[in-house]
Amino acid sequence: MTIETTVDTNVFERRESEARSYCRSFPTAFTSARNATLTDEDGRDYIDFLAGCSTLNYGHNDPDMKAALIDFISRDGVAHGLDMFTDAKAEFLESFERLILMPRGMDHKVMFTGPTGTNAVEAAMKLARKVTGRDTIVAFTNGFHGMTLGALSATGNSGKRGGAGTSLSGVARMPFEGAFGPDADTLEQIGLMLNNPSSGLDAPAAFIVETVQGEGGLNAASREWMRGIARLAKECGALLIVDDIQAGVGRTGSFFSFDEFGIKPDMITLAKSLSGMGLPFAALLLKPELDIWKPAEHNGTFRGNNHAFVTAKVALEKFWADGEFVKQIGEKSRMLGQRLDMMRQKYLPGATVKGRGMMQGLDVGSGDLAGEICAECFKNGLIIETSGAHDEVVKVLAPLTIPMAQFREGLDILEAAIAASTTSLREAAE
Amino acid sequence: MTIETTVDTNVFERRESEARSYCRSFPTAFTSARNATLTDEDGRDYIDFLAGCSTLNYGHNDPDMKAALIDFISRDGVAHGLDMFTDAKAEFLESFERLILMPRGMDHKVMFTGPTGTNAVEAAMKLARKVTGRDTIVAFTNGFHGMTLGALSATGNSGKRGGAGTSLSGVARMPFEGAFGPDADTLEQIGLMLNNPSSGLDAPAAFIVETVQGEGGLNAASREWMRGIARLAKECGALLIVDDIQAGVGRTGSFFSFDEFGIKPDMITLAKSLSGMGLPFAALLLKPELDIWKPAEHNGTFRGNNHAFVTAKVALEKFWADGEFVKQIGEKSRMLGQRLDMMRQKYLPGATVKGRGMMQGLDVGSGDLAGEICAECFKNGLIIETSGAHDEVVKVLAPLTIPMAQFREGLDILEAAIAASTTSLREAAE
Amino acid sequence: MTIETTVDTNVFERRESEARSYCRSFPTAFTSARNATLTDEDGRDYIDFLAGCSTLNYGHNDPDMKAALIDFISRDGVAHGLDMFTDAKAEFLESFERLILMPRGMDHKVMFTGPTGTNAVEAAMKLARKVTGRDTIVAFTNGFHGMTLGALSATGNSGKRGGAGTSLSGVARMPFEGAFGPDADTLEQIGLMLNNPSSGLDAPAAFIVETVQGEGGLNAASREWMRGIARLAKECGALLIVDDIQAGVGRTGSFFSFDEFGIKPDMITLAKSLSGMGLPFAALLLKPELDIWKPAEHNGTFRGNNHAFVTAKVALEKFWADGEFVKQIGEKSRMLGQRLDMMRQKYLPGATVKGRGMMQGLDVGSGDLAGEICAECFKNGLIIETSGAHDEVVKVLAPLTIPMAQFREGLDILEAAIAASTTSLREAAE
Amino acid sequence: MTIETTVDTNVFERRESEARSYCRSFPTAFTSARNATLTDEDGRDYIDFLAGCSTLNYGHNDPDMKAALIDFISRDGVAHGLDMFTDAKAEFLESFERLILMPRGMDHKVMFTGPTGTNAVEAAMKLARKVTGRDTIVAFTNGFHGMTLGALSATGNSGKRGGAGTSLSGVARMPFEGAFGPDADTLEQIGLMLNNPSSGLDAPAAFIVETVQGEGGLNAASREWMRGIARLAKECGALLIVDDIQAGVGRTGSFFSFDEFGIKPDMITLAKSLSGMGLPFAALLLKPELDIWKPAEHNGTFRGNNHAFVTAKVALEKFWADGEFVKQIGEKSRMLGQRLDMMRQKYLPGATVKGRGMMQGLDVGSGDLAGEICAECFKNGLIIETSGAHDEVVKVLAPLTIPMAQFREGLDILEAAIAASTTSLREAAE
């Protein structure tokens, strides 16, 4: 196997399903990656502002994770053991308990669902229904929770929902903060629905909510709103599930996206950056009193991905043993916010800076414009994508570990692309 | 990290959800594994007749897969790239096309769903509904297809289904071959249901069927029955989905479990042993005319697990380039069948040998007895599990690569356990 | 209002929905009716072998019912009082208790659902789910239970089901007696499904079954089979609902169609002939221990149709106070069976006499032939319809009160139509 | 049968299901009724401000309807003829076309569904899904549409919904006008949901809406809001179904409750007062281009209730041939509104007058108080009920034909009851 060989991309045309997507925006074959840099078969480097949609918060191929994983493989560590006890699982759990749960006073238990976010969401929805004996899950406008049938019913995107080909039931949809404009108090409205016995909203089993809606357009809930949702859930006997799959693991500035909110969700879903190195890994955190699962009542072949346990443990020990990483994320987040705001002022006064922490972007008001900006970026060596209901938000999801200089370089490319796209717009208008 | 340290198994009690299961049958912590041998923290070796429920058809830690994976990691290969093009994906697809699809004249396309079997099943069910505009999927008694809501609705097991906490709809259940006893012609009955416009069975979008029901008790469909199902599906305009997640990738003697049946399923789900080394990886094969997916209409963060592409390619090149592996599986399968039949004759004349190929077992008529046999095996260094609606089948799922001598050794342990358990039964009865 | 005026049937074309149906088979406008005779606007008389699909078991416009109703209207009896107490309701209940329930030792309570059969079925399905906490209702191939969404989900007919435009869930379909041919033991098969925890059949809330499937083709369950269903239901903790809407109220020879079967259904739905005079009226009988309804938890504006109470009371007092009516039905039933069998032997040796009591017909093997026979009958002054999945059964549903001579006259017309239709068939074949 | 006999009300306790409800509020047995007066077995008269929940808009036992019905029965008119053509049906259709549809330029066709409101709603929901190929029906907070499974899913009341015992799917709930307070623009919010492709609101098949929510608390939509809903429906390709079962047939001042709104609903459901005399009768009006029903695709045994056709025709000819009736309703409506407002000012300044036309009431802020007022009324010879999510609205639904003097007398009783109840409240507070 010689990696120098040109990659046969025709095989994708011939044999990969039309469901493929990102490869359409970034039509080249990548052969290596390190931290925030992706390199294609022709040796061209790209700055990665997509980061696997927040799966690569620690960048590509962190050297310590690589070393630990190679060591584990070399010594014939148990790669796959269903959910049997292994040293790797024990060590991950021990680190997670010591570095994440205990400092926060969280007594949650960890459920290793199948290694995908959607599977963790399915487990959470099942458990909420089982615990409460209720059917309805409240989900929010613009929420994204996954593509299997249960999670999809909670997902807002009509394109994704339309793929189901069958009724998506058991979910009631409520407005996220700001969904009805700045003046509408969505908390009050949800409260009115819950407290009106003829509202048609059945008493819910749970609320499932993202603190920052990554796919939905970087809508960031305020501390007050999230606390309100937690209160409403409690008042009506529903559980609070925070889906922290995209916003968690440091993306907004702390391990959990709600660390500063003073709430204790009943369940938390984690996936994406949990393994640290981009390996499939998901988990559901649940309060111990909810742990009424019978053995294997929810299971899955790959629920014990030991390679991921190994790298996840390294990630925890390396980045979360002290406050240094949080400080660095904070600095980068501030810089990011300032740069985006400057771009806005300079080129797109009608645009909005959205999001929180290292999960910010620019709502440019049009999917076409956002797409043009991203395409221009790619030409200039930057990988960046859109989000939002109309793909109208240019979304910066750089690795949290990106060196400051490279981060600035990427933002320069972005600014130039915005400048070019808006100039061409203005010229077209004239 | 020193692996000699005793594993802190208390952390599992403290922090792992009660949903955990296999670790209850095999209460020790495993630290390494090679081919058919698992080793625990005390250095004790176990023969693995579970093989990750058929995820480890090539055994643990195949040296060639290890080498290729370590090489890939070392050279900073792209571990995670969403569904972007990578050299690893291209090379897997090229090998899969050349070694698996082309020799069989299959023009199927490959969809990389999320890396779990249940996700591939969900994608297949979605696509069947989308293509046909119909809602109902026909699934079979004792079928097992996964735990997310869509796949769960097709799964028969009441314990798993009960976990859903909501209605599981969109599936009509039909009897698998033999489900109504040897005399009932279930094909004829299904035909009567399909052709009676007042039967209450709506015209189905698809049939989803395993050729050997792994979790359901090693019920093996005959060639004739599978051809009948294919014919019924065609006649009523439904698609045929073969769920080959457990029975595929060599387990029954050839790559696909239906290779000898002369059928061309419209869709085939693969997972478990597809990566070769136990890494999360799943795929849906679909006929090209069905590939009406819009980009990202079904997606998932981990649909491009490049580590798995690397090992899967090695597996294909090493084991499926010629007929040698098939020949070896055949020899082991025959030996397995003979040994199980001898055990039956000697100790349990009322028992039945079930299954096909390297997916055979002994229906001992009682979950208690089967459980006792497996527990006795574990004491003597053999990992083996039950399956079936009442856990009444002792199921042998050894790696296909297990050395003959070790295979015999494992079967000796099994035979001794059966002897001991049935002796104690007889003594108790006297 | 002068009834002699020619009826403006153009108004139906202009303004009545295409959903209309029987008027297509019998394209004339009827202006009066008495017992088994319908008279059209041109003064032509028709013998009525349809009897409102068993709604007119006592014939049209029974003089005693008429008199009582006119008296009630004349004295300003309460026509509509929601579910308030009225003298008419009390008197109906008292007669029903004394003449129907007490002689059979039935302690059932009477629930006045909305005045349609489908509403009684909906109430029964709701209550079964509420009482058992289970979701699934077992219904049978070729069953017909109504057209509102709940009842429709239990109905087998694909044309009716297809009208729903949404998923019909919560019902598992099992084979009725004989559905898989004479040799298949459907009771055993249903038992196997219920007792196999991996069959995919969730523990049911109830079985809903007709003893004779009127719309489904006059399939008559045997005493043994119905007792078997009752036993299976009991064993699995499900309720037994007998839908006696078409087969009850004397149609099969006794008040309930299951009177001779030695079973005590948990719930019984009644409608059609319950009012005696064809007025909208339905009821659900339920064992008192099941009567956990909260006030108005199921309600409906017309649940107290007092006109129907009045005529229903007359019907009970006139026909069910002694055994005379049962005797007469028995005689007519025997005659009907003999005549049908003679027709079969003479003209259609491949046909089958189906049904029970005054609910018998001839399965002529083809919907086209059956339709031709019915059309021929109509030309000759007999109103008769088909039933069955393929409309292949010519169904005799004469009023139970039809005079013997007129009954014979109608059967003569039927026989002549069969003779004509089969002759033309034979000639066409030659 | 002597009606002087005391009614055996024990039989209700013994034999009528606990689902009974109004009889609990009005625990006496009624034996006759005329226009707005109900008389019980002891000869006591009650003024009827309930009017069968708007089923008796023309009062009890209108003499012309009585006469026509008695004539029809006497001459052996066809009481029950499934959906065959009869003179009675033709005459009803002709009158309805001439007096109702043509003056409004409505080309709607008439579908005779089963004779209950819920059945008409089920037919409308089915047809909307069938026509559009979409699943979701938008229904509104506090809406009430019926109790069969399809209609129930559109009904808001949690007590009613809870009776289903299964998932109620296929309906998305939106806020009715005012549901989120006077300042929230619910039209704008619904528009935001419809136009946001990630809102999670699937493109709807239809909106189903009452112009005045009778059960929901007399919430009256404004002309502007209803026009907005009609516009939103059109924009998103959804049908507009106005459920005029309670508010139609003159209740709000004109035949249809939306006559003054300048909208042309695609479908309109009618029931309750349609027959004129309280007999079961319902119909669905549908635009001719929607009439894609196949024959009998939706059917029902009692869809041709000829007694109801007879009285309904009389009602149309007597009350809707000129503008007199509308004028009288207008006068009574104004008087009603003034009296309610005076009661409010005098006794309950915090209360609100709600509703429209002869469908108005007083929201007294508490179900307990409203119940107390109604109980006090009953003691003094007035039958009146509450509505609203908390039963907090005292609802005046007098026959539209009530003589002015009797109307005033009834309102006097109501005022006295309010005075008494609020006095006792004040005294209790002091």
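Note that the chains take the letters A, B, C and D in the order they are written out, and that residue 1 is the start of every chain.
One rule holds for everything that comes next: a residue touches a chain if its C-beta (ideal position, glycine included) is under 8 Å from a C-beta of that chain, and two chains touch if they have at least 3 such contacts.
Nothing here was measured: the structure is a model prediction, and the numbers come from that model.
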| item | value |
| --- | --- |
| For chain C and chain D, chains touching each | A, B |
| Chain pair showing more contacts of the two, B-C and B-D | B-C |
| Distance between the centres, which are taken as Cα means, of chain C and chain B, whole angstrom | 49 |
| Intercentroid distance (Cα basis), chain B paired with chain A, Å | 30 |
| CA centroid of chain B to CA centroid of chain D, Å | 58 |
| Chain A: positions in contact with at least two other chains | 135, 159, 162, 166-167, 169-170 |
| Residues of chain B touching chain A in the complex | 1, 3, 7-9, 11-12, 14-24, 26-34, 38, 41, 50, 52-53, 55-56, 60-61, 66, 68-71, 73-87, 89-91, 93-94, 96-97, 101, 109-112, 114-119, 122-123, 125-130, 133, 135, 146-151, 153, 159-160, 162-167, 169-170, 205, 271-272, 277-280, 284, 286, 291-302, 305, 307 |
| Residues on chain A engaged by chain C in the complex (per definition of touch) | 166-167 |
| Chain B partner contacts - residues on chain C that touch it in the complex | 135, 139-144, 155-159, 161-162, 167-173, 175, 179-181, 184, 188-189, 192-193, 196-203, 215-217, 388-390 |
